[in-house]
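A, B, C, D, E, F, G and H label the chains in the order they appear, each numbered from 1.
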């Protein structure tokens, strides 16, 4: 399956089915990250229940320093 | 007949029928004055042909110094 | 005897003979006051031993608030 | 003969005897130049009559742009 | 370098970069003399209700025919009123140049950019040459431009205050970013302030109060005209760069009395 | 109001209140053109050792005869050296006007008031018309006056810095307190600064670096001359009073669209 | 006079009138120390895309729990984007305080008032505590207030410029006219500028660059906190009145050596 | 970086860089509270003729014993009078610290540098710790140093005017060039001005009028103390560099909503 992650195309392994798996598979600590799927904010608790499909647009957002 | 001239009620003499007569009857030199009748700008040439009626609102405007 | 005290002429009582008596005779608390006699600073301890004479110029100076 | 010209030592040809000859011998147009000899200003008309001697200090000064 | 290179507004090539307001003059005759003696090319006038009890001369008779008449919409509190004034001016005297001035604040008399943009759009569409008086906000300046403004007139400081270029940093940005002529209007109290505006690259300066209330308005007009011209020359010649450190104007080296 | 009322220094009535320094010009011809085109009445020149290896034209030939020549004592580090330069100038070309400039600080090039006063005293006694370049200190200005100065020339800011009137508050005091003409010298980088000095009541302004290093010195000279004149007019007409609050230039009352 | 009288935003009583931005710090630990040592009550953070190739710590772990988190909408070019960021922040961490920052100009980074007002309206309706970063325009400030802003944050000068209060005259007007707290944000480079903003009557000051890039950010935070407090005291005590003329602090009359 | 690093004058290590004048206070008790609450280390007092008709308390009883007493020579019009006052102060109370203040101008109350230098020389020779109040002239500062001054006290602006650092450009030069501590004295009306002086690198600031005439002098003293400390920190941390151009404090790249 191929999705768009933060604007770039990305091939997912076949064992990644839902949003939670997708986020967990990323390197780095993804705690505190918020997810937009196709422009819609996804609540933390709903990630597991959302199955991904080809062409999905995922945005992963986090807090950072700013003025 | 009673009209409103520049915001104030004013009784007109009976011989004043149209807009031109009304303007000419004012003291002072009214050359260069432009007329609004009930919110509508009246062209100079049309003043004579416009008959006044009770309650008409006339605004007389002129140029003056400004920055 | 007549002296000049802070620029003004002043008659002294006959029982005032020395500088200390002169200072003590003034109204107000004269603690912290320094004395110039004829342009010369007088040490505190010497006041008693200095006899006054007619026409002496005495300046009494004190500290006050200033910036 | 060796003199100091504007702070630097300089050997003069033997045919240079007086101040006027010395100034004329310089390259460049020396019109408008004023001369100090050993710290004393020399009037224009006196240059010819002043004979140079070994060790004389000559300053040649001119006007230039300034604010 | 052509120090007299004109700038163009509404198809007119303007040489005199000092615009004059006509308010507050002690006499109309004095005003005329100011315009004539300094060869002012653009003047502003405003409109008001006739005082029906009293004779009042038509100010237009005192403005030389070749002078461009720019009518301001002074008194308007929103776009609609500004548009109405502009149309009255056109009907009354064929006026084409409008200075849009929309003020809805009776204390500081600040221009209302948003309403001003609306009026610019309507009047530019109707064929007016529109010059909005504005608060120097970059985004608003962009809107004015898109709406069809012929030039923009940011305030230097509060109207009539004589405080000069309190908004200097922000007018600089307008000058750099806008492709329209920038005419600094309001707050200019003395010639040096007008020169400073021109040195920054403004296309022109407008003043009124400082001239009309001067002891001798004719001399004041000349003073502003000259200062504007001086500032323009400095701008064209890139003179505005402070060094910030000392540098001798006379040669200090090789001098007379070295020890 | 006579905007051309001259001021007097050393028996000369001067109309042009912009004085020009002659240092740093790219060519002497250009300098001449500046003087001629703006009808400059007073110029400064300095003196230095001849470069004995090289031909150098006499700058005096490039200064119109009717122009007053003021020789500065640039390079002098004390009164004695300044006096020596003045005497050389007199011998060389009959110079009467001396700008005393004593600097003993190679970084900020600030004038040394105490030494300057001494030189003023000596040279005024010898019949020179003496104009001291000075740091704007009220007491020093009084000394200059007592010593026989014909005018005083306080710095606006550091020489050649173009920073304008950093000493403004203190020059104002000199203008108010001194009976001598005040000529602001040094630090004037753009015409608006020159106008500002004149608006304060200075009698004249001198510039050099800002003109000589301008892209077009002739235009720069004209710009300064006009700005100085504009500032003078403003001063004569008492124009310099900022109100600090908004005040309409168009009538706001009795207007059109009352609700 | 209660120099510690708090001001209220969004139901919180705030005592510390210095707000700190968290961008550009060399380390998160340093940032935490700054917040703790100066007892900062409000900090700003921003949001961005995760860098999927690299581990990055969650900045929220470095902000003390009692500190109010205000998320700015930095990066937004219009109201819609600002709203989207605000909602993300709420979902991600329950954030309630939003600093609306809409910038559509990559050179001067000026805030876009019109888009900002739109975002204020939407987010205030959704229950956010909304603090718009804005260009100091009186009419826009009124709109912000009507739209439900909890405070307004005018710029002092360009973001990150350190130029201080270039918009001073216009911020003064906001302070006088608006009933909302005014928090000066952007351009504050040194403590004296922060003190000056408070002396004018601002309710608080926000800085970031000047602290984060200081040699020692902890000391810089303390310096700003103290200066803000000092300026506040001066405001409360009506200290800001320059006399403009000399007046002795020591008695000069009746003194010692009269002649 | 040690933000509490003391500076030394006359063998004393001083930590508190805010000096307080004692004139014009409504009550002596209030003055004492100001000194105590802000832990002021140096205060100035002056001297005057006793009023022989009236009781007057000795001000020294209201100054904490550990506070350094600096007597100013206010009222002196020349060096001789200043010396006389200093000697009286020593005899009266063993005073060692003298602020030399020689003023011979009753309108602007400007210090007379030349007379001041003379007094410095005499009193330094007699073992006093001498701090001359002076007009900020580089050459005079050098003379003060040679004459034995322990520190120099240039004016920020006219005494009691509250105009702040009108002489800023010239005080900067003193700070850069002098090896003595620089204490800015006179004209400081609000805390931001005191902070600004310290940011430039002044060693300390003295104020009097602004404190004594404040609605609440105790709060004013605290405000100045904090502002002075804040400015000191900024100086030590090299914070005073304006960039002059916009620079984002939040990251603008790689952000959310790229198109």
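We adopt the following convention: a residue touches a chain if its C-beta (ideal position, glycine included) is under 8 Å from a C-beta of that chain, and two chains touch if they have at least 3 such contacts.
In this text the structure is predicted, and so the values were computed from the model without any measurement.
Interface comparison, D-E versus B-E: the higher count of C-beta contacts falls to B-E. Each chain gets a centre from the mean of its Cα atoms; for subunit D and subunit F, those two points are 34 Å apart.
Distance between chain centres (mean CA atoms), subunit B to subunit H: 72 Å. Look at where the CA atoms of subunit B average out and do the same for subunit F: the two points lie 63 Å apart.
Inter-chain centre distance (subunit A to subunit E, centres taken as mean C-alpha positions): 56 Å.
Along subunit C, residues 7, 59, 61, 64-67 each make contact with two or more other chains.
Shared interface positions of subunit E, i.e. residues touching 2 or more other chains, are given as 21, 23-24, 46-49, 51, 72, 74, 107-108, 110, 158-159, 163, 208-209, 212, 248-251, 256.
Interchain contacts (touch definition given at top) occur between A-G, A-H, B-E, B-F, C-G, C-H, D-E, D-F, E-F, E-G, F-H, G-H.
Interface of subunit G with subunit H (complex): residues 1, 3, 21, 23-24, 46-49, 51, 72, 74-77, 81, 84-85, 101, 106-110, 158-164, 189-193, 195-196, 199, 208-210, 212, 214-216, 219-220, 222-224, 226-227, 229-231, 233-234, 236-252, 254-257.
Residues of subunit D touching subunit E in their complex: 7, 59, 61, 64-67. Of all residues in subunit H, those touching subunit C in their complex are 21-25, 28, 31, 44-61, 71-72, 74, 87-89, 91-93, 159, 206-209, 212. For subunit G in complex with subunit E, the residues that touch the partner chain are 104-105, 107-108, 110, 112-114, 135, 137-140, 157-158, 163, 166-170, 173, 177. Listing the residues of subunit C that touch subunit H in their complex gives 5-7, 26-34, 36, 41, 43-44, 59-67.
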